[in-house]
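After this come two complexes, each holding subunit A, first together with subunit B and then together with subunit C.
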Partner chain A sequence: MGGAWRQHVSDYDQKSAMLFLAPMLAVLSVVAVFPVVYSFWISLFDLRLTRPRSVPFVWFDNYAHVFADPLFWTSVARTATFTVMAVSAIMVIATLMALLLNEEFRGRRILSAVLLVPWAIPYVADGLMWKWIYDSGYGALNGLLYQLDFIDKYMVWLGDTRKTLPLIANAFVWKEVPLATILLLVTMKSIPADLYGAAKVDGANVWQRFLHVTLPALRPGFMLVMIYETMMAIRHFDLFFILTEGGPANASHVLAWDVYVETFRKLSFGTGAALAYLIALITFLLAFSIIRTMGKKL
Partner chain B sequence: MTPRGARIGRSLLLLAASLLFLGYVLAPVAWLVSSSFQSESEITSKPPHWIPHQPTLKNFEAIFGAGERDVTYETRRKADPSSGGFIPSTAKNLLPSMWNSFIVAISVVVLNLLVSVPAAYAMAKIRFIGRQTSIYAMLVTRVIPDIALVVPFFLFIRKLGLLDHVGSLIVTYLAITVPFSVFILVSYFESLPDELDKAARVDGCSRLQALLRVFLPLALPSLVAMILFAFLTSWNEFLLALMFTQTPASQTMPIVVASFTSDFTISFSFINAAGVLAVVPPVILAIVFERYIVSGLTAGAVKG
Partner chain C sequence: MSRIWTHPSSRRGFLRTSAAMGLAGTGLLGLANRAQAADALNYYTWSAAVDTVKAHVAAFEKKYGIPVNYNNAPWAQFRDTMVTKFVGGAPVDVAWVSDSWLPEWADAGWLAPVDGYPEITKYNADVDDFCNQSMKYKGHQYGLTYYSDYMAFFYDEEKLKKAGFTKPPETWEEVVAQSTKMKQAGISEYPLMLSMARETWLIEFLSALVFSHGGRLVDDAGNAVMADPAHGAQAAMQWVVDAVNKHKIVSPACVETGELNGLKAFSSGNHAFALIGRYRIRSLNDPAQSQIAGRVRQALMPAGPKGSHATVGWMRFHGMTAQAAKDKTRGANAAKLIEWFGGKADGKYQFQKMLFLDIGSGFGVKSLFQDPEVRAAYQKYSDIDMAEKQQKFARKKDVVAPWFGEWDEVNGTAWQSAILGKSTVAEALKSSAQSWTKLRKQG
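Presenting the complex of A and B:
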């Protein structure tokens, strides 16, 4: 469609469009072009704030350094585990919630208003709330399980390396589920009612209708939520800072935490930039698939 | 099954599902609120008191009165934990930090309006060369992770001398909010008929007048959504604030609240009260403006 327009673009329109876009373009070059170019540039230097006077150019040594660090591979594995656990839980819970909100019943409006509560609160508050719930001394999780007789003494939760990642993932899922639910609900609402009518005429029961009508029609929504939440999970930092600081024994040492440690604890900005660049690259590959899936739809 | 039996069955199923839903979403927050009204001695009872037996406002008093009190190791040791006097040494920074958060969020909202509204109008309603490219460029910037911005931004801000200044947060938050703001507004402007634009132009309006007089009043719902998103993103942001602020002069609410959790003797009753204060403004905004938020969130999704 761009081609047909070209002949009709007036000088006035072109000029006013450029003028209207100028502030945004300025901001975008600060957010996108500058950091992407500059962080790649930094990643080629051995830049340490502990040694500000000598900043040698080291080619790709920082990347070699990152790949040679066993802790980097640990953090890749932790990030992958966290992402898979979190995204699959989000998909299941959000689908169930969207199915409920797609029904007509009294009180539905209250549910959809309440749904926004986790979405709106800051991650810091989400983190301290779950930290208190998981507390091994006086936490609500211990209290509840104890009262229900599931455990006979209070247990260690976040401090137990096998439980750390699932528990952090739970705090992440709780906050991300609302957005996923809303996105799936819009997709559900766009399914034409005739499809269900036709399935009913064919004698399909509720379960068959869900399996053969709802699920396939939800595919675009699932794709969108999956890709978006995967990107969010891979880069997530806040909860790891608040809940565990990468511990215990590196059990929650994810990629984003690794960038923080390299940059602000070891003050090695070169390696930090190289790491961040790798995360950005992974995310770009995902973004590419977003644009491709969306391009097919348009 | 009889139709009536089926109806009752459906109602029961919906009721059970609704209760599960409410439990999952609200129980953690309810527990946070409940424990913020308990004294330190009550909060440490086993099993926990789900509803405070002796509700107290001491934790909130400690926050609002923290400015006049000097907290040292000695005064803390002498303070009776059950009185809620066991407060972290950074307690008096909480209220100023909420003010900082507010200033930053409002500035980001205003700048967002100035930057995003004209850009979105141009993308949606003006035919110009490079239109498709600018829309794609904007979408691409939405996928750059914040963590990748930290190092270049830090060095840049240090060079500008803006470290530990709220200005650094306003600039960087503007950068992370503008793409989404434009995105919401473009989808809304596109849904308004092109004829409006033509009519305004025939009447002798310039492009700017058409935007200000015809489109802005009509686009109010999307403006509200945009304002809310920019505000909430700035109010809640943690990572960049952690990197760029160092003293109470510029620290925002999330940073000060996070500093409580790493204090050497945690007083959970106090932290929970701080958590409640951090949660109240965004939750009120979300519930009051629910419609606008949902339409904003789904603006991009429907079109794909």
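Presenting the complex of A and C:
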């Protein structure tokens, strides 16, 4: 009797749960699942909005076209360079910031609040601000360096192909560091104080405690930050659009910019969708490999 | 399997419609559909002179009793927005069209020729030649101009006097000579301001330089000739490369300087010469907007060794959509609206004159240069005779084709690469020409 009742309640619970979940599943199907599947479907057509009379099904020709384009491979290399530069800088700066904010000192709360400011600024505003800072004619960076006598004439910043990518990465890092710091700080706060106590008893100095207690304990935080920031960097578009539009001379033509050019400038939706799928695949593989590598050691 | 996935036309239709919906959003299309239901003319412009347009629309409605649904979208997104609307079948009867988009929109069947509307074509005799040519594609006329302008050569008179020059340069060689002297005298580090950032304006700057050097990017038959050392763009590109790297009279930052930033730089007094759209002269000589107000003069575009004072002209026009032309009454009403804006309203070129008086924008109507009110207004900030003289040298862009947008990406990069020393002039132009030829073959 009791077993049958429990079974009845369990079935009822499951049905209720499905009923309550159904609206959200329906919404997710429409706004998430359908676009994902449909964009893949589009990537199999030579869909150009400017040639609406001819939309042939081309199987994987769009992917082949992308792979055969040398600009795609240079875009991949540039995206990788940008990602490595940005994510490394974010990891180092965020770790240092988290270590600082983990200490008790006067003004810590104010510093924590100030740290959040870049995070609160939208990317478009962030881009416009950095565009003004980097401008070679009236930019604040030139003004500052000139007044400090570091330069004797105004420098070209974004227009110099050697500096373009690092400068965009700098603007990206400035915006992303706060979130990374918070994530690492939360992980740091969860490290039991006993571990530090025990290490002290064993005679470990500050550096040794950092190396053997803090760093290993931070691994889950590092993994989270690395995955998140890598995904953000690979897919990042806003700063490239506002600061350089992929230029000069393709110096900042990254994968996300390539998707934009194909889709919204050339209005070639088929190739644009294929490129977007490739970015998604690259992002997934990277995240997967990070989890596999770092997750084993957790 | 559902017919929607198997039947080719349904599949195409579904793809097109879905893509359009995804872009435009259901709200916009919904609004547009309601507009059609009211049987009003659906009129789309980009967000320029909105109040002037609204006032002129109101006057049209009053005069003819034809309701007009006026909508606008930002210039930067206008092409995408309109293409999406066309593909999605949203109701559009009359729209502003850039000369750069005409082949693309005409080939796609979105625009209808207006050859059969004499109330529109009767104005051709009073319209500048480059404007008439820019409205034509494959032998048909697709609208009526309401705005046109060209790339102008401006100079700061005070800086020239300071350097001991009594007249502006007439050739590009003189530009180098005068600029070098100014640079040496410390009057300006980079006397010539060129905007070479990769944006929609770039083709206008490049074309002006190429035309004035006596070159072409594409010949009349549509063949890419930019890489031809004798008749192509080589002389112009080499001049720019030398101006940046050899003579150092143009800032290497030109590749990151867009049209607006270039205008700011010139109006802040950093340069002695500038290539800027003609209509900017009003703000350049306005003390509220410019630090060199009252000092900016226009000269004819300097000529290259085998060139002339030719420059590039551009124009925007009112186009009638194919869906409007399909219905006789709707087409006739659309033609009335086009004439009201591009031609005469109550016997006068009202709209073009209003645009000129309000914001200083140019016009392709020759007779307006003799209008006393226009002349008086223009003389307050510049020389209208010089403006008219230069306009006679204006030519339409020779690269306008259905694949222009795709080619423009490659061409812009090629010019920047040459300027930055990443490629030679010959290599850059070769890559531009190859891209043109490839896209042309693809159709």
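Convention: the second predicted complex is superposed on the first by the 273 of 298 C-alpha atoms of A that agree within 3 Å, B and C clash if a C-alpha of one lies under 4 Å from a C-alpha of the other, contacts with A are read in each partner's own complex, and residues count from 1 in each chain.
The criterion applied here is as follows: a residue touches a chain if its C-beta (ideal position, glycine included) is under 8 Å from a C-beta of that chain, and two chains touch if they have at least 3 such contacts.
Note that this is a predicted model, so its numbers are computed, not measured.
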item	value
Touching partner for A:V92 - first (subunit B), second (subunit C), both, neither	neither
Touching partner for A:I42 - first (subunit B), second (subunit C), both, neither	both
Touched partner set for A:T244, first subunit B, second subunit C, both or neither	second
Touching partner for A:G137 - first (subunit B), second (subunit C), both, neither	both
Which of subunit B and subunit C A:G159 touches, first, second, both or neither	second
Which of subunit B and subunit C A:F264 touches, first, second, both or neither	both
Subunit B versus subunit C as contact partner of A:L183, first or second or both or neither	first
Contacts of A:V55 with subunit B and subunit C, given as first, second, both or neither	second
Superposition-derived comparison: subunit B or subunit C, residues of subunit A touched	B
Footprint overlap on subunit A, comparing subunit B with subunit C	35, 38, 42, 135, 137-138, 264, 269
Complex contact set, residues of subunit A against subunit C	35, 38, 42, 45, 47, 49-53, 55, 57, 135-138, 153, 156-161, 244-250, 261, 264-269
List of subunit A residues in touch with subunit B within their complex	2, 5-6, 8-9, 12-14, 16-21, 23-25, 27-28, 30-32, 34-36, 38-39, 42, 93, 96-97, 100, 103, 105, 107, 111-125, 127-133, 135, 137-138, 140, 143, 146-147, 154, 174, 178-179, 182-183, 186-187, 190, 220-221, 224, 231, 234-235, 237-238, 241-242, 256, 259-260, 263-264, 269, 272-273, 276-277, 279-280, 283-284, 286-287, 290-291, 294, 297-298
Of subunit C, residues touching subunit A in the complex	11-12, 15-16, 18-20, 22, 80, 83-84, 86-87, 104, 107-109, 189, 197-199, 251-257, 261, 264-265, 268, 270, 402, 405-406, 409, 412-413, 416-417, 419-420, 422
Touching residues (chain side subunit B, partner subunit A) in the complex	11, 14, 17-18, 21-22, 24-26, 28-29, 31-32, 35, 43-48, 114-116, 118-119, 121-123, 126-129, 131-132, 134, 136-141, 143-156, 171, 174-176, 178-179, 182, 206-208, 211, 232, 235-236, 238-239, 242-243, 253-254, 257-258, 260-261, 268, 271-272, 274-275, 278-279, 282-283, 285-287, 290, 293-294, 297-298, 301-302, 304
